[in-house]
Structure formats: structure tokens, C-alpha cells
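Look for chain A in each of the two complexes below; its partner is chain B in the first and chain C in the second.
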Partner chain A sequence: MTATAIGSDFLHAPLRFFASLRLTVVCLGLGMLLVFLGTLAQVHLGIHAVQARYFQSLLIFWSPPGASWKIPILPGGYLLGTVLLLNLLAAHATRFQFSRKKIGIILLHFGVILLLLGQLLTGLFARETQMRIDEGQTLGYSEAPREVELAVIDASDPKFDQVVAIPERVLARGGTIQNPTLPFTLNIRQFLPNSHLAMRSQESQAPPSMATTGLGTNIVVAEVPRTVKDDERDLSAAFVEVAGVQGSLGTWLVSNAIPDPQSFAINGHTYELVMRQRRFYKQFILTLLHFAHDSYAGTDIPKNFSSRVRLVDFERGENREVLISMNDPLRYRGFTFYQAGFDNNDRTTVLQVVRNPAMLLPYIACGLVALGLVTQFSMHLFGFVKKRSR
Partner chain B sequence: MKNARSYVIWLIVAATLAYVVAPLFSHDTRGGFEMQKFGRLPVLLNGRIKPLDTVARNSLLIIHGQQTLSIEHDTLTATDWLAEILMKSDTADQRRIFVIRNPETLAALGWNTEAGKYFSFRDLFTHLQEVEQQAALAQKVDAQLRSPFQRDIIKLYERLTLYHQLENSLEVAGTVDFKSQVDDLLKNIRPSPIPMNSGISTEALQSIGFLAETGYFFPIPPVPPNDDPLRWRKMGESILQFITAGNMHPAVLAYATLASAFAANDPATFNRALDGYLGWLQQHFPARVRKANVESVFNQLQPFYSAMVIYVLIFILAAASWLVWPETLGRYAFALLVVTFVVHSGGLITRMYLEGRPPVTNLYSSAVFIGWGAVLLGIFLERFFRNGIGSATAAMIGFITLLIAHHLSMDGDTMEMMRAVLDTNGWLATHVVCVTLGYASTFLAGFLALTYIVRGAFTPSLDRDTARSLARMVYGIVCFATLFSFVGTILGGIWADQSWGRFWGWDPKENGALLIVLWNAIILHARWGGLVRQRGLMVMAVFGNVVTSWSWFGVNMLGIGLHSYGFMDSAFPWLIGFGASQVVFMMIGVLPPQVWRSQLETAPRPSGAGMVDVPA
Partner chain C sequence: MPLSSSHRLLVRLPLLATAFLVCAGCGKSDDAKITVYRIPKETQPAAMPPPAATNEAAPAEVHWTAPSGWEEQPASGFRKGSFLVRGADGKTADVSVISFPEAAGGLLANVNRWRDQLKLAPISNEAEAGKPMAVGGHDMFFVDLVSAQPIGSDGSKSRILGGIFPANGKTWFFKMMGPDQLVESQRAAFQQFLQSVHTSEGASGPMPMTANTGGGNTNAPTPPLIAAAQSVPLQYTLPPGWQEKPLSPMRLASFKATSPNGKEIDVSVVSLPGVAGGDLANVNRWRGQVTLGPIDEDALARTAEHVKANGHDFLVVDLVSDAPIDVQQGKQRILAAILDENERAWFIKMTGEDAAVTAQKSAFTDFLRSLKIP
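After this line comes the complex of A and B, so read on.
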């Protein structure tokens, strides 16, 4: 036996495994199981947790109640998608000869590859945020609905604020945070992803607060599990100790349930502390001119929601009015603004702001798959009809 | 001989058509009143302009559970009943139309179970407060956690509320002579922007305000030439408008005349006023009148109901053709199938015209459309194979889906307005139609496979040729199902991307559609890979029924997600039962071949034989 033969055998065995139709069937079957279980799990976990745990994961783990260990029970969406991708590529590398008869299958499989890739890229790179604008208000940023940040604002200069924003994942780690622009350190003594806040006057039995200054001294905080409902927001909270060179200035309670900044002074500068939804600043601003909520005659059944906004972009010299309505979003500079909701007696609009670099892939994939399926099946059908009529 | 046979076919076709159009020839003139014409008057309700006949049928269906009302030795049509409740409420109040079956509800109202299950509004009148309190308590419980009693009492409360609203739609319930009241207003009122200054009595003003608030539907059209649906008014609103701004609307006068004449049992005046008002409507709102007429004819014909009945006959004929006179009975079944398909399509097209929408807009219409799609495909199969299988299977699905639709229609109007994001005909016509055709074809493949399993296991009638053609049919339909469910699902993704900004969100209904795509893809790949042969293909296709029914109904029962249109607890046992029955058929399908009555696999064929173009 020559070296090349051994080499090609060594290569061929895994290639044959990856190219097999059995693997396809097994993967698709596991995919069905995953999708089915992922649907059922939404009842208790909520759609966001399910997405992370079932579909945007390599393995799905199970652990018996109360146990500290866990075992993988099912491949997750990313793993299955990858194996299917390899399966398709390997099948085309080994089994399929390019021929006119196979053109439909090749097209459609290529479409499926694009679809899988598109979903992978979307899962990795797409970002969904929201913009809540009151009528007459102007905003230049959108907010992450499920993620908070701690903003430390140097408000000393009347012309501008200097902001240091600490993301949620850093807060969750706890410990001491230093930033070169801040003349003090922040010690995150406790971070609660979701919490319940109550006035101390109403809960006299509560233990003393960790907060030594600010609004927090009058508030009792209790940790609660993160929400699984799509239409609810977590109320996060943290106890933050500020320490300058002379020592501690005190511990503040911050929470996105406390919208007003709490301030303190150090070295002649006034700083403000506030926990808020994580912000993403845009290179342009939107002003809500009018929000409209139309119903069908004589009913409360909504017919349409729409927001008339003014878009101003100094960099590109844009200054125009735009109407965003259901099924008719605004697309601008890689962002898409969708009418997602409303609030405040129809005086506030909620826009979903999406940035998805892989947005076009599903469209191309859809075209390819449809074309491939139609080609393939009509070849079957014509062949069949011809045979019957003979 | 051939002539005689074609005679018979034409006879069958004619008899079927006669059966379908027969309802048109019954003309309702109870007591000399032109009730049929009365039922055609257009009114606005739930955002849609519809004939009173539709209001009557749906209200009676909600309150009484049926579209007609049986009284001693007689039957009232829905419109007869509506006329009573609108214009002669004292009589209506004595009709025993409220059915109460739940013993706990009966007990809560102080009745024992022997008190009878049917109650009139008058019987219930003294218990209204109790019902309201109990319903308020029950409403605090999460919809999915409510006990049967709690659900029943809420339903009873809703039915009573609807009744109360209906009674106070044209006149305040109990009014004897509405016309003279309106005439008094016309004579004595000096219209003024401040109603109290118009010279109206406080009492009269209160009762008009009550009418404006309580009325169920909007009977008064806009002032011509305005034709904006938003300008339809309730009776009380229109009279208030007269008090504040002058100009009594002619429709108010017409309805007042109708009400007084009906209460005084004066058909001549009633019919004259009705003709006068219809003429006025015809002159100013011809398009609305035309639609209302079409809708009431549609209501009367009930094409889906007749089609449902004929599908049973077709199934029997086609199944009988496997035992005796295959050619003759097969031809009769096919002819009937085509005629019934035309009736089914007619109903579908009429609905589309009335709604101004593509065929599928809600769960009800999806049932109608799944049946329609399956029958269409069945006709093509029958045309090619001529063995009665296409006819029988199509008829079976047609019957089942129309039966499901019939039960779904019990909740009231099946032509609802489309909520905001759904208000887009383009996506409804593409995504929804494709996905629904995907459902239809997956079901068709599944039912063809059931035919194979039942005939093969329980009868000796499944010969090898028939088996092979069934395998071809199933394979072809699965291809078709893959195409439509895949394209439909992806189109749904694109719609989601257009309106919510994400292509795929793992929403339960999206996942359901994906399951169908995956399952069909699995069937095809398993077949191509030689992992299954003829019987394996059939067993897999039967499982397609389970997957599709989960996607169609099951996910709605989870009560979560963007597509959850109402929790349907009552359908849950049926869904489970259907799934279980399919599993049983699958198990029969994998029994050893010797146990089957039809002997098929005496000489096993190489894998792939009988298939059209099988890739390696």
C-alpha cells in the first residue's frame, strides 16, 4: 500500500461520513426535536432565554433539580447548523456531479447554505435596540431593552457632559472599576439583574440598606428572577461605592427604576450616577412630530400605527420628514426603524431599531431555494406526465 | 350504454346543484312581514358593513348556539328572532334561548339541574347581579387557569351583555311606539348645541344617551354623499346629532316606522317603510347595498355546509368503487367532486369579495382553504390515476376541514377586520396562502398514506399496482408540500423582516411551519437515501399529519407568541385524539407484512423502484 492510498483513505472516511444522507436525516430529525422542545420551553423560559439556550448554542444541557452538575442532552442550534452545513458541502464535494438534471438540487442546496450562514451571521452580529420618543422630543440614540449600563456623568462643564458608561456585563462581575478619566474608583458591592423596589416607610421590617447615601437609604431592594415575558422589562439595581483618594464617599443605590441621576462632588467637579438602559448613539437624530393610532370604524381593533418623524443628519446634510408605519419601516445608514409599539396615551412611539449586516442573505437564499425547488419538481412532474401519456 | 351513463352523470350534477341552491327558494315572510328584505339592511358592526341577517345569525349563534330558533311546532330564522329582539322585546324576552348546561352554574343561580336547561331573558333577569358578580370574580383568574364553572359563567355574562346591547340597538327595550316618540322630537325640539336648551325633557335625553351608549351595532349610515365607514352612527348618536344640530337622518325615521309597525303587528306599513328605506339606500349607497345582498344570499346558501355534506357522499361513492363497479362509481364520484369543488370555490371567492382580502385571514378561513387546496390537488391526482383514491382522499379532507371550520364559526363573525400588522393584502396573499397550501398538501400526503395503510392492513383490495400508484402520489404530494411550506415559511420570514426587523424569531408559529418543512425534507431525504421504502414512506407521511396539526392548532394552544389568536381549550382533546390515532395508524403501518390482509411484499423491489428520478 502506498502512502497516497493511506492518505486518501484517511481523508475519505470522515468525508464519507459527512457526506452521507443518513447524517442529513439524523440532523434534520434532531433539528425537529430541538425546534419542538424550544417551542414548548418558551411557555416557562420566555423567548429570549430559549433563543440563547436552544438555538444560539452548541449543546443543550440538562441538570436534575438541585444538582450542581449538568449533562448535554441535545446538540444546540449552532452545532446542528454547522454539521448540516458540513454535510451539504461534503455531499456536493463527493456525490454530486454537476449536470443539467441536478441543477435544481444544486441551486436549492446552495440557497440552504446561504440561509444557514445568514442565520449564523445574524445571531452573531445583529443588534436590536429600541427608541422611545415622546411627541416633540428629539433623540440621537437607541436603547437596549434588556441590558442596562451605569453612566457616570461629569456635568461640570455647562456646554457638554462627559460620560463614562459601564456595561452590564462588567457590573455583573462586581469588584472595583477604574477609569483613567475618573478621579475615583467604583466598587460594585452588589448587582441584581432584576429586583423589586419598595419605599422603606412601607416595609418597616426590612434589614438596613447597603446604601449609605442618596435615595437608596429610603428604599428596600429585593432580588427577583429575571422576567421571561416579552413585554416586561427587568428592573436591575446595584449598590455602588465611590472611593476617592481620601477614602469612601458612600454607597449609592442605582437602578433603572430610578431615572433621576444622583450627584456628588469631588475635586470641584460634580458627578452624576445613573443606571439606565444601555445606549447606542447614532450619527443622526430623530424628532417625533406625531404618532397616529387608527382603529376600524366603531371598534377598538387597531388598523394602523404610524409615526411621523423628522430625520436630521448634519454629516450628510439630510433634513426631512419620514412616515414610519406598520409594514413600512425607515431604512437609514444600515439601521432599520420599525413601528413596534406605543405608550403614554398615544403620545409616545416605540421604534425597534435593527442593525443586521446579514440582512440581504435570506432574500437571496429564498430566491435560490424557491427556484431550485420549482426547477427540480417541475422536471419530476414533466417527466412523470410524459411517461403517463405515453 | 355510454349515453345512459353520461345521462346519469348529468342527473347527479343537476341534483347536487339543486340541493345547493334549494335554500334560495324559501322566502321568509313570517306574519306577512318581509323578513328576508329586512335582513338585507346594511349596518356597521366590528368595523365592517354587513347585512342585519349576518348580525342576526352570529348573535343567535353566540347566545343560543344555533343559527335558527326552534319554538313550539315552528322554527324562527335568525332574522325573525332579531326583528323581535330589536322591535318587540317583550316577546323576545320570553323566548327560551339561553342554554345553561353546567350544573355548577345552575346551582350558583339557585336552580337545581331539573329546572331545565333553556332559559329566557326574563328567567335570568332577576339573577343578573349574581351573574355579573360571579363573572367579575372569574375574570380575575388567568384565562388558562379558569375552572369550567368560571369559563361558563363568563360566557353566560357575555351572552347576557350581548342580548342587552341588541335589545337597545334601535329603541330602548320595551318601547311601544318608537315612531311617535321620534315624531314628538321632530315637532317639539328646537335644536341647540347644548341639548338641555333644546326643550327636551331630562328623561328623554337620558334614554337617548342610553341608546347611544348601549346599542350593539351602527344602523344609521353617513349623510350622503359621504360614504366613510367611520361616519356610521348608533341610533342614539344620530338622534343626539339631531338635537344638537338639527336635520333628522332619514334612516332614523325609517327604523322608527319599522319598529312601531312591527310592534303594532302592521305588516303593510312595515313593508312599505322597508321598501322606501331600501330604495333610499339603493340610491345613495348602491355598492354597500349590493355587498349586503350578496352576503345575505351567501348566508342563506351556506355553500360550505352543503359542500361538507356532499363530500361525505363522494367519499362513500369513491370508497365503494374499490369494491364494486370501479369505473362507473369512480366516474360519478369524480363528477361530484368537481361540482362540489366549484361550490367550495364559489364560497371562497364570495368571502374574498366580501372581505376584500386574500382567501386566508384567520383560523376559520385557513380551514376552508386547506380543504379547498387538498380537493384541488385531489382532482389532479384523480385525473391522472383514475382509481378513486384522489377523490376519496380529497373528499375526506374536504369534509374534515369544513367540519372544523363549522365549529370555528361558533364564535361569531368569521370575517373580522385585520389587526394593524396583518392589514396587508400582499403578504396575506403570498406568505399565508403558501403556508396554508403547504398544510393542505402535507395533510393530503398523510391521508393518502392512511388510505394505503387502511386498505392494505384491513382489506385485500390493495394490489401492487394500486400500492405503487399510491406511493407515486404520496411522493409527488410531499414534493409539492416541501415546495409550498418552504417558500411560504421563508416568505413569512421576509414579512417578519419587513415589519419587525428580524427574519427569524423562533416564534411558536414560525417554528411550527419550520417543523413541517423539516419533516417533509426528512421524508424526501430518507426516500432518496433508501432508508425507507414504500411502507416506510407511508408511515412517515402519516406522521406529517401530526406535525401539521401541531403547527396549525397546537401552537395556538400554548397561548404565547405573536401568532396566538386565542386559546382554544375546547379543541385540545381533539388534537390529542387526532395525534394518538395517527400514531396508531403508524404502528399498524409497521406491522410485519404477513399480518396485512393485502400481500404486497412477496417480491421485494430494489429501493427506489417506482419513484420518479431518484438522486443517488
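After this line comes the complex of A and C, so read on.
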């Protein structure tokens, strides 16, 4: 055997593996198992944790109760999707040959490839946030309902706030955080993804607080498991120590249950610390003019929810009223604003703000699959009819 | 099989696979990135036409008027208002207005915080803390403290005059602190300042539309969303025989009722953000108060009732002690309703002697039906 032949065989072995129909069947089978197990797991983990752990992951790990180690037991959604995609591409390279007769199948497969790619891109880049606006209120940001941030605000300027926003993932890592715009370091001494806060006066036996200053000295914090319910929100908390050049200024307790900022002064600047739902500022602002909650006449059965908002975009010179209703979202600058809820005796609207750069891919993919199917069946049909007429 | 195309693909496959796996592994790229940005202060008027006026009630604001001669200082951080008072001898006293959400630790804790500033020992009896006073139809708690020994650098004693004022889910603290003599000379002015405090239907929107006569709180942050639910006063129908009691910082509503046997019962309405520990933990805490052992979720589900009122689903528990808790009180009963709604937990609780609470059971249900949760 020549060296080229060995090299060629060495290269072809993985290609044959990836192109095999057996791999397709195994992947589809595992996919079904994944959907089944993921659905069952929602009971205990909730939909968001299941999405992250089962579908937006490479491997699913299992660890016996109480153990610190874990072993992978199943491929996750991303791994299965990737292998299926490679499988399809490899199959085309090895088995399928381009011919007019196969155009339908090729179109169909291309549609499936786009569908897999679209799902991956959605998982990676789509973001869903919420905007809660009171009637008459103007907001220029949306908030992540399940993620907090620590905002360190330099409030010294009478007109502007300089904000350093530290996302939850950084807080969860703990340790020291430095930012060139801050004349101090933040030491995250403890981060609790979900917690129960109580006034110290009500919990006389509680151990002393890690907080040495601010509201936290009066508050007892206990860690509780993250909520798995769709309609509940975690109350996160963190103990943050601020250290300047002169040494520690104290440890503050911050939590999204403590909405008012806690302030301290350093180098003649006033800084505020506040933990809040993670904000995403937009290049435009929305003012809620009116929220309408229509019921069917004579009943309490809701008929329609709608929000009349004013959209102002200084950059683009946009200033117009928009009506957002249940099946009629506002689409602007890559964001889609859906009417998602209401609150506060119909005086607050809740808009779901979705940004998905890959939004169009599933539509195109389904179109291609449909076109491929119609082409392939029509070709068979016409061939059959032609044969019969002869 | 076209060899050339398969070779091309062979080179690309591992590349493609790596790219995918790397992408999949890293998740949303900006999830772990610290961002820095500059934004106009939330209370600054935005350069846009004001929203159409609505007649509906907006969250109430607290306003005040400063006596003449007080120098207004910029509000910052916690301070919603800040003033400097100068004495004839050049000494100064500081006046601050701050607000905290909810009860801010309770009355006693805050008075003890002030006592600590004057190096006074903490007290445990609320009656010693100060005296209630009526301001603009609201209850305020007036505090007058003087240090036992000189505190200031000039060797003079220090004095604190303070007013604690629960309003719409927040507790407001009005405080003057400075040399004893100076503060004493400003006592009338401070009382006039407290008398000027009033809540009004402030304008809604990103900035307060009504100018603050006393100045100082135009920089105050917009009431946060979680507190907004509370800024609307509670609406309810008072059952016959119930009397409203002064609010404590924790309580949004507080009542007493006297039963035919002369025993007094206490009713409170408290609201906390989140689920406040969860239904079970709270029920078990109450069970502890009537010397009953804790129960589990199943037992709670079996024993608790659901009362539907005004579109809300209240979880109602009725707890009675097995034996008299003390000689005078006899058996104790707690009848309480919990509502978890709009990211807040509401607790409506009636406590008192067993027979007295039982006699008020239907009044309690009527009260729940009349209560409008904001």
C-alpha cells in the first residue's frame, strides 16, 4: 500500500463515520430520548434550567446525591445538533451526487441544515428581556427577568450617572473586581443566587452579618435554592467589600430586594451600589401613553390587551405613537416588543423584548423544506403520469 | 465518489466542528462582560414632549417646606433633602431627609441607631423612644435625644431632633443633628418643618412634574418598580367594630377589635417583596407563636383553605394553640391570609384570644373581600 493510499484511507475513515446512516438514526434516537428526559426534568428544574442544561449544552452530567463529582451521561442538544449537521454535510459529500433528479432532496436537506444552524444561532445570540412601564413613564432600557447585575454608579455629576454594570456571571465567580473607571476595587465576598431576607429585629438568633455598613447590618440573609417556577423571581444577594487605596471602606449587602441604592463617598465622588435586574439600554425610549385591557361586554373575560406607546429615537429622528397589542408587536431596530402582561391595576404594561438576529432563518428553512418536498413529489408524479399516458 | 470534493470537505469538517463546539461552549458572548456607560440621571427631564396628562392617581410623593434661614444643600445618595443650619456663633447643625423602603429595620432599631450616634445606650422599650404626633393627618414619631457627654470637637453636647414618618411603603426620616444649644434654639423651626411635611399625588413619569417647594428632592430617584406596587394606599372597608390603629413602619394597615368578652385582637396587613420566605416558612413561624410544631407542605395543603376575593386567591390558615399560652390570655388563635402576587407577598393576620378571634372570623373574611391589593 502506498503512502498516499494510507493517507487517503486515514482521511476517509472519519468521513465514512460521519456520513453513515447509522449515525443519523442513533442521533435522532438520542434526540428523542433527550426531549423525553428534558420534559420530565422540567418538573424539578423548571423550563429555564432544563433549556440550559439539556438543550443548550454539549453534555448532560449526572452526579449521585451528595457527591462532588459528576459524569457525562448523555450528549446535550448542541452536541447532537452539531453531529447531525456534520452527518448531513458528510452524507452529501460522500453519497449524494448533484443531478437534476435529486434537486428536491438537496433543497430539502439544505432546509434542514438551515434549521439546525438557525436553532444554534438562536440559542447563542437571541435574548429575551422585559420592559415594565407605568402609564406616563419613559424607559430607555429593558431588563433580564432572571438575571441580576451589580450597578456601581458614580452619581457626582448633577446631570449624568456613570454606571459600571457587573453581570451576575462575574458576581458568581466571586473574588476581586477592578475596573479602570473606579478608584477602588470590589471584593465579592459572597454571592447568593437566591436568598431569603429578614429584618434582624425579627430573627434574634441569627449570626452576625458579613455586612459592616449600610442597610445590610440590619438584615439577615439565608441562602435558598433557586426558584424553578415560571412566575417567581429569585431574590439574589451579595456581600460586596469596597476597598480604596486607604483600605476597606466596609462591606455592603446588596440585593434586588433592596431597590434603593446605598451610597458612599471616595475621592470627593459619591458612588451608589445597587443590585437590580440586568439592564439593556436601547438607542431609543418608549413612553407608555395608555394601557387598555378590554373585556368581552358584560364579562371579566379578557378580549384584548394593548399598549399605546410613544417611540422616540433621537438618532434617527423618529417620534411616533405605536399601538402594541397581543398579535401585533412593535418591531424596531432588530427588537420585537410583544404585549406580555400587565400589572398595577392596569396602569403598568409588561412588554417582552426579543432580539433574535437569526429570526428569519427558520422561516427560510421551512420554505426550503416545503419547496424541496413539492419539487421531489411533483417530479415523481409527473414521471408516473407520463409513463401511464404512454 | 468525487474524491476532490470529499477531500475539501475533510479539511473543513474538523474546522466546522471546532467552530461550532467553541460557539456552543461560550454561550452569549456578553454575559460575563462588565459594561461602563453614562446615562442621564433618571429623574432628569428627557428632551421630549411630556406625556399626555392622565387623571389617574400616581404614586404619592412626600413634600416639605424648609424654614427661612436654612441653607439648602445638594441632595445626594440616600438624602432626599439636606439643609445646613448656622448658629450665631458659627456652629452648624445638619438637617437630612432620607427614605428607606419598607420598615427600614423598625422604629426601635432606627432610634437606637440615632442613640448610638450620640453615644447613648440602646433602649428596648418603644415607649421610651419618643412620642407619636399627628402631621397633616398622618402619624409621625417624634424623637428628641441629647448626648450625656460632650461629643463635638468644641466640647459641647449634641442633640438630635427627629421625625419618623411611614408613607406608602417607605419610611421617611427627618433629622436635625448638631450642638445641643443650636438645635435647641431651632426646635420651633424644626417642628414647623415637620408640620410642613405632606404627601401629595405627585405626577407620574420619569421626573417629578411638581416642583418641590422645599427643594432638595428633585434629585430623588424615581420610586423603584418593586416599591411602585406599594405606593398606592390600601383600600378596604372597615368591618363593624374594627378600629384603625397607628401604622408601624412594617404595617400597611393596622386594626384592633374588642370582642364581647373584652379581649382585644390585633389585625395587621404587611407586604414584603418576593415570596418572603415562602408560605410554609411563614405558616410555621406563626405556628411557633401559638406553640404548635412545624408542618410540611402536604399538611399545609390539607389544612389551609383558599379564599377567593376580588380576583385574588388567598391562602388562609387558622391556627389555635393546644393549651392556654398564659394565664391571662387563655388559648391563642391566629387567623391569617397569604397572597403571593406581582412579586410581593401580602400577609393579613389576626391574632388574639381564641374565642375573640373566632368571633371575628366572618369580619376577617369580609375584610379580605373588601381589600384592594394595589
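One rule holds in what follows: the second predicted complex is superposed on the first by the 361 of 390 C-alpha atoms of A that agree within 3 Å, B and C clash if a C-alpha of one lies under 4 Å from a C-alpha of the other, contacts with A are read in each partner's own complex, and residues count from 1 in each chain.
Quick note on the criterion: contacts are C-beta pairs under 8 Å (C-beta built on N, C-alpha and C of every residue); 3 or more make two chains touch, one makes a residue touch a chain.
All values derive from a computational prediction rather than experimental measurement.
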Note to self: Let me test your reading of the model: by the given contact rule, A:T375 touches which partner, first (chain B), second (chain C), both or neither?
What the structure shows: neither
Discussion item. Under the stated touch criterion, which partner chain does A:Q119 make contact with: chain B (first), chain C (second), both, or neither?
Written reply: first
Inset, instruction - Using the touch definition from the top, say if A:P167 reaches chain B (first), chain C (second), both or neither. - result: second
In the superposed arrangement, which partner chain does A:T212 touch: chain B (first), chain C (second), both, or neither? neither
- Check whether A:N187 is in contact with chain B, with chain C, with both or with neither, and answer first, second, both or neither. neither
Classify the contacts of A:V50 with the two partner chains as first (chain B alone), second (chain C alone), both, or neither.
first
Tell me the contact category for A:S248 with respect to chain B and chain C: first, second, both or neither. neither
Within the complex, chain C is touched by chain A residues 11-12, 14-15, 18, 56-58, 78-79, 82, 85-86, 89-90, 93-94, 97, 120, 123-125, 127, 132, 134-140, 155, 158-167, 169-170, 177, 179, 181, 196-201, 215, 218-219, 232-233, 235, 256-265, 270, 272, 281, 285, 287, 289-290, 300, 310, 312, 314, 319, 343-345, 347-348
Given the complex, residues on chain B that touch chain A span 44-48, 218, 228-232, 384, 416-417, 419-421, 423-424, 427, 472, 476, 479-480, 482-483, 486-487, 490-491, 493-495, 497-508, 511-512, 514-515, 518-519, 521-522, 525-526, 528-529, 531, 547, 555, 558-561, 612-613, 615-616
Per the touch rule above, chain C residues touching chain A in the complex are 1-2, 5-7, 9-10, 13, 16-17, 20-21, 23-25, 27-28, 30-42, 44, 46-49, 51-52, 54, 56, 58, 74, 76-78, 99-101, 103-106, 108-109, 203-206, 219, 221-222, 224-229, 232, 273-278, 281, 311, 342-343, 374
Listed in rising order, chain A residues that touch chain B in their complex are 20-22, 24-25, 28-29, 31-32, 35-36, 38-40, 42-43, 47, 50-51, 54-55, 95, 101-102, 105, 115, 118-119, 122, 126, 128, 295-299, 301-305, 326-327, 329, 336, 338, 340, 352-354, 356, 359, 362-363, 365-366, 369-370, 373-374, 377, 379-381, 383-385, 387-388
